[in-house]
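Each structure below is given as structure tokens.
Each of the two complexes below includes chain A, the first together with chain B, the second together with chain C.
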Partner chain A sequence: MVDVLVCVKRVPDSSGEVLLTADAQAVDARYVGSTLSDHDNCAVELATQLVETHGGTVSLVSVGAPESVEQLRSALSVGPTAATLVETDLRDFGPADIAHEIAEVVRAHAELGREHDLVLLGNDAADTGDFQVPVRLAHALGRPVVTGIKTVAIENGRALAHGDSPDGGRETFDLPLPAVVAVSEGGVSPRYPTIKGRMGAKKVEIEMRTPTREPHGSGRVRLTLPPPAPSTVQVLGEGPEAAPAVVDLFQSLGVLR
Partner chain B sequence: MIVVLIETDAEGVTETSLETLRFARDLAAEGGGVPVHGLVVGSVPDTDELGKHGVSTVYVARGEGLASYSAAAWAAALVEARERTGAVVLTAAGTPRGNEVLAHVATRLDVPMAANAVAFEGLAPLVVKRQVAGGAALEEMQLPARPAVFTVAGHAVEARPADQATEAVVEEFEPGLEAADLVGRVVSTEPGVPDQSGDLRSARVVVGAGRGAGGPDGFGAVSELADLLGGQLGVSRVVTSLGWRPHHEQVGQTGSRIAPNLYVPCGISGAIQHWAGCASSKTILAINTDAEAPMMTKATYAVVGDMHEVVPAIVDEIRRRSGT
Partner chain C sequence: MADVPTRARVVVIGAGIVGNSLVHHLARLGWRDIVQIDKGALPNPGGSTGHASNFIFPVDHSREITDLTLDSVRQYKEMDVFTESGGYEIARTEERMEELRRRMSSAKAWGIEAELVGPEHVKEKVPFIETDDIIGAFWTPSVGVVDSLRAGTIMREKALELGALTVVPNVEVTDLVVTDGRITAVETSGGTIETDTVVVACGVWSPRIAKMAGAAIPLTPAVHQMISVGPIPQLAERPGEISFPIVRDMDTFCYERQHGADMEVGSYAHRAILHEPDEIPSIDQAKLSPTEMPFTQADFDPQLEQAYELMPDALGADGAEIRYAINGLLSLTPDGAPILGETPEVKGLWSAAAVWIKEGPGVGRAVAEWMTHGSSEIDVHHSDIARFYPHQRTRSHVRARTSEAFIKTYGIVHPGEQWEGERGKRLAPMHTQQKQQGAHFFETVGWERPHWYDGNEALLGEYGDRVMPREHEWDSRWWSPIINAEHLAMRERAGIVDLTAFAIFDVVGPGAKDAVQRTVVAQADVAPGKVIYTPVLDERGGFKSDLTVMRLAHDHYRVVTGGLHGMADKKWFSDHLPADGSACAAIVDVTSAYSTIGLWGPKARDILGRLTDDDISDGGFGFLSCRDIEVGNLGVLASRISYVGELGWELYVPMEEGARLWSLLHEAGEPDGAVPVGIGVYGTTGRIEKGYRAFGFELDGERTIVEAAMQRPKVKQADFIGREAYVKQREEDPKTVLCTMTVDDHTSASGAKRYMLGGEPILTRDGGTLTDGHGHHPYVTSAGSAPSLGKHVLMAYLPPDEATLGNQLAVSYMEELYPVTIESVDSTPLLDPDNARIR
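So, the complex of A and B:
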């Protein structure tokens, strides 16, 4: 049996065009919509697989706007059975503030007799890209942590975590539980929810909490967009008729064998 | 004083660490010419090279506990190097290890950290500009606390030797480590699957395919074109997330960075995270039904059309000309 807590963040979808809010303090989600931060999907999948193998439970936690309930429900639909939302405006929250609030949730659950053996997070958030919440959280809880992890196995009460080594090989970490692990995409493929999963997710009662302290801040002055590069593209043609022009280009570039 | 965490590989100091040294030197010059020191963990440093890049003292952390990588132990070494030098800035390249170690350092010292800086804006207080939203936006972030802790995004600045080389002095030390610093250490490494993305990263020609491929069976013509050009197939993340192709073929921020002479992205929109991996291509020929897709406007050449018609026509034309 293993009790896994997965930290998930609601973020603006940045796969298409990225726009900023009028006050330049955040990426604007108004037109693009919101989604679960990228690596977080993989963390949810990993947790679900661990519990399928060893039994136990997967819970979720998110710190953010009330609408984060949407992301919690969508993550609940693929396996987790409980969720907590620390409801707040993230605007003035830095990674240390977020880590502090998640640590408070872990402690509160422990007091109620629910010890989370493994806390999984994404390696870095798709919007703020701070690369820190996992380490700061582990520090606050006095637990070991590794980041950039692709897969995790549990053996004899320990977590064997695998990631990429700088030379492209594979490296293994062996952590005693309880531990904190930050997951990078590439190791597991997140599954799609089933109808049954979606129905089940609707029924879960989400535990609502409020922050335990005033945030210390993020240091953000403002966001800017990089200037668009001027287009100098040369259109070779339309449709299959362009093929001769393309092959002429290949010839002039010397890439034909 | 600035201390830069130096990463090394089989060829010596990594390119991204040299870039970080350049960033640190520029910052030091702005701050009145304070010295830049390096910290190397475990390995024997190339002092000549570090001197060329302006490093005054190379601190070399040694000890049993540093035999295999552990972020917490490396962080302990950097914190100790900071105590020895009184550094006001601690930095590293924005690599997986650089970001991980500096997150530990910032947490220990209870100061903020800015990940993936591309420039600095002001000195009092220090303001860095850093990549957020996968590089699609930049954030100006204040780092008023001392030491200021940040990492430098890969390829944000160009590595360049200092105008004046220094005679780098080596100072070895053994940082005090606690048992807890070693819990998260690497216990084994394996070459794993022989680095399958290596061929892609070093390819002269890459033919790319994105969602426009339409499904797992939509890669026949692009693969054939890649073969005819002696190149490799590269794909977008949509393609790997949908399970159409394996992850080692992915190009982009979370895939491989490629730098071929020719890149031919077909049915790829050119999202910033994909662009991050292919921007170094010498020539880009984009094929897309949408003439306004970012990949089409950023490319050197473009063909507007359905990749399932255009690519087979190109393949036929190559075969026709070579008589095969």
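So, the complex of A and C:
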């Protein structure tokens, strides 16, 4: 049995062109809608798989606007069974504030007898990209932490976290539980919800909380967009003769094996 | 890909199903130097075609839409991109079953095979459906799916093969250049194209593009939510895209459509979610495509449960996941019809927008024919862009009407159903008085028109059963026996009718006579003071309109036509004015300048006589003449004409004097018991007793004067539009004949008496199919009470060999047969065939 808490964040979908709000303090979701980042989705999938293997429960937590309930319900529809929302305006929140509020949730749950053995987070947020919450959360909880992890296994009450090393090799970290792990996309394929899953997710009562302290803020001045990636079109060929090149491309992209 | 050419004979903007169909048909009809541009890439530039569910249910209550759909299916089949699956529209309520019976009427009228079946029929073909809540279904074997993207490619390729077309994708329109009211160029991100003809076929972006030229295409992008669930083993084990019938769950407003191993569930149950054409994301900004907007799950959740309950074994199958979910954008219009034709604002700028996949190729053909010949084989006047009045083009109107209509997409809509919102816009000057008289207002192009008056309720006691009461709720919805009481009072005494909703325009100038003469069928070279009633034809000899024209002076004609079609009529007259030179003429719209009141009935002359010293005797003011008279202290243009077959006048006064004239007529009419009479009489009961034909019902572009039995002994010598075709039609035997019938027995199987409302198929006495020389099946064009005859009257075009007086046929209403007898096979009225009452 393992009790996993997955921290998720409502972010603008970044698969289209990224737009900033007029004050450059946030990413504009007007055209693309809001979603969970790929890192978060992989964290949810990892947790769901762990519980499918070992039994236990997956819970979710998010800090953010009331609309984050939509993302919590989306995530609930693929496996998790409980969710908590710390409702606030994230504009006033920095990574330290978010880490603090999540830590408070973990402690509050522990007091109620819900010990989260493993806390998973997306490696970094798709909108603000601070790369700080996992480490600050681990610090606040006094737990070990690893980041950039693709898959996690649990053996003999310890977490074995696998990631890619900078030199192209593979790294494995052996952590005692309880622990904090920041997940990068690519290790698992997040599942889509089923209709039954979605219907079940609607019935889950989401625990609503408010922040426990005044936020310190992020100290962020403004967001800036990176220069647009150059778009190059390469014509692979025309007609049936182009088929082998298309197959090669699909194989290199991993969509064809 | 090609560069943007600098000149073109025509520029088609958009490479969705409509633009692609259009370039194909234009090329086929001989057009060359066609340039087609799209801001997206091919074959899916990112518009609504790219995410369409691509299925086609052919039966619609509208003949125009059904014919466009059938033509499209024929074309899709020719291109080998159609897969027949069959389809069910299922009913969970008795009310829906009744609607499905009405659908059977439309199917029979339009000649489409269909059948009402029980739940077991559905279960046999769709084994994974739960039929506990289903009480019946409408089965259409010819339902199918198409590959609309492939069809588009094929059609572009056909035009390319003819050397007629240059296609340039990834090019965005930046401006449309208009010079002196005519389109002259298209400016694009790839350069300027000089041209005098442009078609906007841009789907949800159409308003934004047309606006660049100062024209309006009043549609709105609206969300249709769809999800795709799979893989579903029951579907995956069958080969091909579709092997199970499509199910429309009408009462939950959703559909289930197999797509390979997935089931697509689409919804029309959610709130109306409208977008602004200027705020649709660009291709770069969009996550999937610009018209596949982010899915708003909460809006879909109720639908999800209903779909699951209908097909739990399939949608709940192990491994079946929601793999795709979109808020797909499609185009909605305030009246639900497409927006086709040349814009009234800009010569040479055409619209082909608000078209669904099921109508795409048919619309492409119709618009191409219209651009080439001035008319199309399939009459598309309900879709004519010229139909809109300025207020109907406002964003606010479009949003309000489409929001109200969205939930009716799968709804049960009564033919007389009135809009709730966007009311009270165009008020006749006597509106306040009408409210005091208890008017029940129906809306026509924004006008609030009294359909009947509760103030006349006392007449019900006076006339008893002569008002032909209707016991069935559906037959009497949006109807009142007071209409028939008003009718009888008018025929016995006099009726006062508000006709302010008429569209009125003047043709003035030295060339006025020639302009009118060449536009209308009847002799227009008449003395000033004469009134003519005349058909207006298109080049092919089909009806463009029917209307009255008053010659007010040597250089001044006044055209009076129905409000519904008035703007299209005005455009038609404008389009056919003499180009320039000495004999020029101009059109002046005076719709908002005049209020019109009809005064008709045997007492009409007595009543008007109390208000005027002018000579209004038959000798002094003959039928079909008009002149200025004094009515009390008002100057009135009186026109002796009647659409209800009674003695009387249409009285035209400046709008601001309409209320005064209304009062004067009521005061003067009181001694004779004159009553206010609503449009229920004017539009239906009064005219149908007289066999008067109405445009949009008996008359349209697919009907001829000969078929409508409206031919005069001679054809005028002067040339007019459609003359050649009309002369030819007169020399041939008609392929169909407009007849008037009465219903012999209204008793249904349940014992309740039923009254047809229009649109029902006419069959042989024992229910056999009839087919006319066009291959069409007869249907009721107009239905209504004839209280003076005590009969319910139906009009329909019948095969010539069936068109004999006394011939006994049947009408099918809600899937029961009622006997009918033909009472007139030409325009001879059932009431007062010698027209003695009018004299």
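Convention: the second predicted complex is superposed on the first by the 223 of 257 C-alpha atoms of A that agree within 3 Å, B and C clash if a C-alpha of one lies under 4 Å from a C-alpha of the other, contacts with A are read in each partner's own complex, and residues count from 1 in each chain.
Simple rule for what comes next: a residue touches a chain if its C-beta (ideal position, glycine included) is under 8 Å from a C-beta of that chain, and two chains touch if they have at least 3 such contacts.
Quick caveat, the model's predicted, so the values are computed rather than measured.
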Per-residue contact with chain A, leading partner among chain C and chain B: B
Touched partner set for A:Lys203, first chain B, second chain C, both or neither: neither
First (chain B), second (chain C), both or neither touched by A:Tyr31: second
Which superposed partner A:Arg213 touches (first chain B, second chain C, both, neither): neither
Which superposed partner A:Ala243 touches (first chain B, second chain C, both, neither): first
First, second, both or neither for A:Thr224, with chain B first and chain C second: first
Touched partner set for A:Ser15, first chain B, second chain C, both or neither: both
Chain A residues contacted in one complex by chain B, in the other by chain C: 15-16
Contact set on chain B toward chain A in their complex: 7, 9-10, 69, 71, 95-97, 99-100, 103-104, 106-108, 112-116, 127, 129-134, 136-144, 151, 180, 183-192, 195, 197-198, 204-205, 228-231, 241, 243, 247, 254, 261-262, 269, 271-273, 283, 285-286, 291, 296-306, 309-310, 312-314, 316-318, 321-322
Chain C-facing residues of chain A, complex: 13, 15-17, 19, 29-35, 70, 73-74, 191-196, 198-199, 202
Of all residues in chain A, those that touch chain B in their complex: 12, 14-16, 18, 20, 27, 38, 94-96, 124, 126-132, 134-136, 139, 144-148, 163-176, 184-186, 189-190, 218-226, 229, 231-244, 246-247, 249-250, 253, 255-257
Of all residues in chain C, those that touch chain A in their complex: 229, 279, 281-282, 284-287, 293-298, 301, 304-305, 307-308, 315-316, 320-323
